[in-house]
Amino acid sequence: MPVVPPYVPFEYINMYLPVIYTGLIIGFFSLMAIAMEKRDIHILILTDLVGFAMILIVASVGTDLAESFILPGLVVELAEILAISEILISREMRKIQSKDMNKSLSPMDMTYDMEILTTAPNFIALVLLAFGVFLTGFTGGAVAGGGILLYIFSRKTRGLPVVEIEGISGISGLGWCMWIIGFCIFFLMPQYWLLSLFLAAGGLMLKVATKMGIIGILMREEYGKK
Amino acid sequence: MYNLMADILINVCLAFLFGSLLLGLHRKVMARVQLRPGPPLIQYLLHSLKFFFKESSWPKTISKPFYIAITVILCAIWVTGIIVGPVLKGSLMIIFGIYAVHKIVEHNSGSSSGSPYGKLSCVRAVFSASSELLLFASVALLYLITHTMDIGAIITYQQVHGPLIYKAPLLALMFFMIIVTKAPYSPFSITTGKDIISGFETEHFGFLRGYIMLSESIMWYVLLWLFLTIFFGPISLLWIFIGMIIITIITGFISAITPMLNPNHSVMSQLSIALICAIGTIIPIMI
Amino acid sequence: MDFLGFFNITTISIALMIIGSLGMILVKKPLDKVILFSIVDAGFLLAVVSFKYLDVAFAMAILGPISTIIFLMSILKINEIRKKQNEGGPNV
Amino acid sequence: MAFGDIVLYINPFHLFMFVTMLVFTFLIAIGRTETQVEAELGTLDDKTKKVDLKEFKARRFLSIICGIATAGAMITGDLYNLTLFMSLIGILNIGIISSVKQVEVLDSVFQYGLIAMMCSLPLFGGAALILGACGTVSLLAIQSIKPTAMMIFGAILMFIGACGESGIAPFFASKAEMFRTPGSPFLLIVHLSSLFIIIRVIEVLLIICT
Amino acid sequence: MRIGDLFNKFATPKRVPRLFALILGLFLIVGFLVPMALNPDQIYPRLEPQVQIEANDPAAPYDRGGEVLHSPGITDSQYPQYEPKLGWITSYVSPLAQFVMSISPYFGTSIYSSPGGLIDEILYYTRGFDTVLESSILMMAFIIASWLSINYTMNRKNEVENIQKDVKIAISESDRVANEISKSNQKAKRKQMRRES
Amino acid sequence: MFNVFIWLIAGIILTIIGTLGTCWGPGVKDPVVRTLNTEVASVGVSLILLCYNHTLALLTMIATSVICTLILLRAISRLEEMGADV
Amino acid sequence: MEELYFLIYLIVFIVGAALGLLYSYSIHLEPFVVKEKINIPILAMAIIGWILALNFNLLNIIPSFILISIGVFLIGFVIDMRPGYGRRETVIGFVVSLFIWLITHI
């Protein structure tokens, strides 16, 4: 059985047109909806769909390269949504503050009366972390990050203290350094590829996972206990 | 015996002197159209020389390295423009880049001074850059016709096929719009409009202003040189000079009789011209 | 006619997904949407299983509850906020 | 010089742009911000707008990264890499302005951010269409391929993306309004990066379309 | 001037994203008229879907040949001359992944996404620079978001400045209230005086 | 007989239904409803990725779409809490 | 070295212009006058200058660039006097020399 064909298989060529047209259609729909929409938060939500259209167009090529291009696309979408939603919030805060200095803008505390928040998260988070560490790389980071996020969340909603933000960003910086060193070794001394592979994969995993963890920490106010 | 350094030096001096005279002529033409006597021809030159001997002062509010460096950068890029254009007949893309840096200089010399007029000019520089770059992209469309970006190669192309102004008159119009935009007091020169004093030059005194004026005259020379060389084919230096004088007189007329546009309107009308001309050029190529 | 042959994994999962998604779009209450979303998710899990990617199914099975928890928490909070705002303006 | 499949694409034009970018980045690294003075309405007093130290540090960091990213975009020889550089520049431009206090400026940053997000569709999508049509994203390889309608479609998509990302007319308003804030070195890099990107994209389009 | 009004409308920041979306959306429709076809001569091609998993290959969708630490996998890269160790990463399988491989044929994805695998080859080695950029984008977005939230949107209760501001607001508020009270007092007094006079 | 095309078409249908639902579906004036509707489209996209055997991309997609939704929901709740009119 | 000659002409022109400006300022101190008479020496300078600049090939003995330089100097002197002065002289000189040029070339 051949492991890698010399050309793109016939099936992918058949699948190309439907998928790319789907991408164009959903891109068109969501962009038209944006053009009609008036409120800012709705446009932010709809840009998520524009990202899906992009992913479909990239994925339709159906090679390994296309797959490795989807990952940056997803990351860019996530990153931009995060940054822009934060800007939207701060803009509205400043607007309200300039109108009425007297208004409190701190988030409201909530009491969640859900049993699942006390029992499930620890286990799920542990499993996710283990799975993420096994996967490593970007995917592993995302999975492990989901675990960390859930853990922080559940602790927060139960009113327990969580780790400080500085510690987590320190780990993130360490991951970044590992990862860059891994890359340098790849290009300068390819004979040590195994070492650099582990450095890069581990570093990226740490980095992404801690980034996701930071999201959890950023949101600790919203879902805090009374 | 060919000496590159001497060539550069001669060309820079030539550009500075002739550019200043042309800008003086521009002012004179405007004055005559508006029934004023107007200053002497060499007034602009005398101005720019004068500023080098005046005392320089620094406002308290400036952003330090940029306030000074930006004028030097302005001077340096247009000297580079001379080297790439008249001296080496190099790539048009570099001149495109130089033009972009010129827009940056307009932007930053406005904002680095801390003056509100400079600030407004800075914002307007961003407005105008968004359309002027598209106009300048006419040089990119030339590539579709001539398949080269090299000025020397474009000249030889015109030797074979005749001047490009017959082949692509709309592109020439686009490029001419850039020249009009850069002319003082033109309807599109929103960055130096008199409603914001002198725009980005307001807070630059002494030798810094001298640098700015020097570079502006070089810029005027380079732009006219480019226009004549790209669209009128291999013509001698004498005819280039005569062409420059004619174009300056035309722009003088335009500047004298038109009011300055509101920034949005300026940008959008430039964009409309760019769009129409680009489409009008591309469609014949495709067919 | 073999009607039972119709109930294979493909049709069931596609039916689950399409019914779930149609329901999810037509239903207006956020909490109902979360329930219907888990139906869609179940259909998708079946799809992944029929593609024989056990580890992807595993990851989905873990991430599913997380998304449900997150949705629930957010929706509960938003409901609370809306209730308060209807009572007498925000942060009263 | 090569980073795996990503090869640098260099001629005098790119070197000029690259060096200019690095010069400006250096100036930003050593630069200080200006103090904006405005007259106040109703009185004879002046009102000064300053950039405080905390904000200054964050914005300078982002600006330097933006300068380096633009310099990289000038010399990269890979289409997909170029689009990634563009998105990086887009998000950095948002970040450089996002820490200001004026509501109007924040509003235009937000609108620009929305455009930057939508731009990921034309940028990555255009690059992927070109990949689908040519089988490669290396500019050196694309140069020798004759253009097809699909490649030109992808190229125009990329151009629309670059227009939105760099605030060329008719999408200039959201970008231009961002500049009504103090901090001239940082504003400079926002403007410079977008202009240089549009020039580079025009050049890349010419490479693709001929 | 109608056209002037139109130009002014284009220059409103709030309209720009919508305008952009409209233009882009309309241009996407043009895509249906353009003849599109996938060029089969791609770099990094892969087998048609589900072939490997149906052959019960334990490293299912990402098996690209090669023997662990003996021979490289098959990778069709753009510039093989710049990549002296091309394909080695694809062929490497970590001991843990080897164990997983031995127990079940359905764990291919996780096997090949743990160190050594196709995505590692492309992301880290042949197109490493893309990955640097991609995660720089993520990092920058996080820096922006966390800067904003730490300095502005979060922890508003505890900040000294905010407390000072709150105190100021409270003072001005009480001043205002006092003013209003005194004003109404005066009004009442005036009314009373008028009534009395 | 395992046919990828059935799944592909199912994915396409789901994506388009989800998009339409998000853009003009019932009750989308409420941002929460709109955000939840994007999940349908995301499942459709995931299905298409599955058909292409882009499984690593699929894993990442599942993780990031959850996080995206979380971020959006947080923004919505925060804005509503402030009483902002956006 | 065409550029070098042009540079010389330009410098000579500018020097001439500056001298003309200084000269006219020393002569005419009054404000701008709309009607002025033709000044004969200036007219002579203008005619000589324009003839030298345009018809340099008539005098083959002296190198042409010297002739042009002198001509350009005189032109500059006349053309750049105070506003309102030297206009008519310039026009007359230009017309005369153009006439001569046409005669010699046709």
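Per-chain numbering from 1; labels A, B, C, D, E, F and G assigned in written order.
Basically, a residue touches a chain if its C-beta (ideal position, glycine included) is under 8 Å from a C-beta of that chain, and two chains touch if they have at least 3 such contacts.
Owing to the predicted nature of the structure, the values given are computational and were not obtained by experimental measurement.
The chains touching chain A as well as chain F are C, E.
Within the contact network of the assembly, the step distance from chain C to chain G comes to 3. Note: the chain lying farthest from chain G is C, by mean C-alpha position. Put simply, the chain closest to the centre of the protein, by Cα centroids, is D.
With each centre defined as the average position of its C-alpha atoms, the distance from chain B to chain G rounds to 29 Å.
Chain E and chain G have CA centres that are 70 Å apart.
For this pair, chain B with chain C, the centres built from the Cα atoms lie 61 Å apart. For this pair, chain A with chain D, the centres built from the Cα atoms lie 23 Å apart. Chain C has residues 51, 53, 56, 59, 63, 66, 70, 77, 81, 91 in contact with two or more other chains. Multi-chain contact residues, meaning those touching two or more other chains, occur in chain A at positions 11-12, 16, 20, 27, 31-32, 34, 40, 43-44, 60-62, 65-67, 69, 71-72, 75-83, 86-90, 93, 95, 103, 105, 108, 131, 135, 138-139, 143, 146, 149, 186-187, 222.
Residues of chain D in contact with at least two other chains: 3-4, 80, 84, 87, 91, 94-95, 98, 107, 114, 118, 121, 129, 131-132, 170-173, 177.
Under the contact rule defined at the top, the touching pairs of chains are A-C, A-D, A-E, A-F, B-D, B-E, B-G, C-E, C-F, D-E, E-F. Interface residues of chain B, counted against chain E in their complex, comprise 262-265, 267-269.
On the side of chain B, the complex with chain D involves touching residues 60-67, 69, 73, 80, 90-91, 93-94, 96-97, 100-101, 103-104, 107-108, 111-116, 119, 122-123, 125-127, 129-131, 133-134, 137, 140, 143-144, 147, 149, 264, 267-268, 270-271.
Looking at the complex, you find that chain E touches chain B at residues 4, 6-8, 10-11.
Against chain A, the residues of chain C that register as touching in their complex are 58-59, 62-63, 65-66, 69-70, 72-73, 76-77, 80-81, 84, 91. On the chain G side of its complex with chain B, the touching residues are 2-4, 6-7, 10-11, 13-14, 17-18, 21, 32, 79-84.
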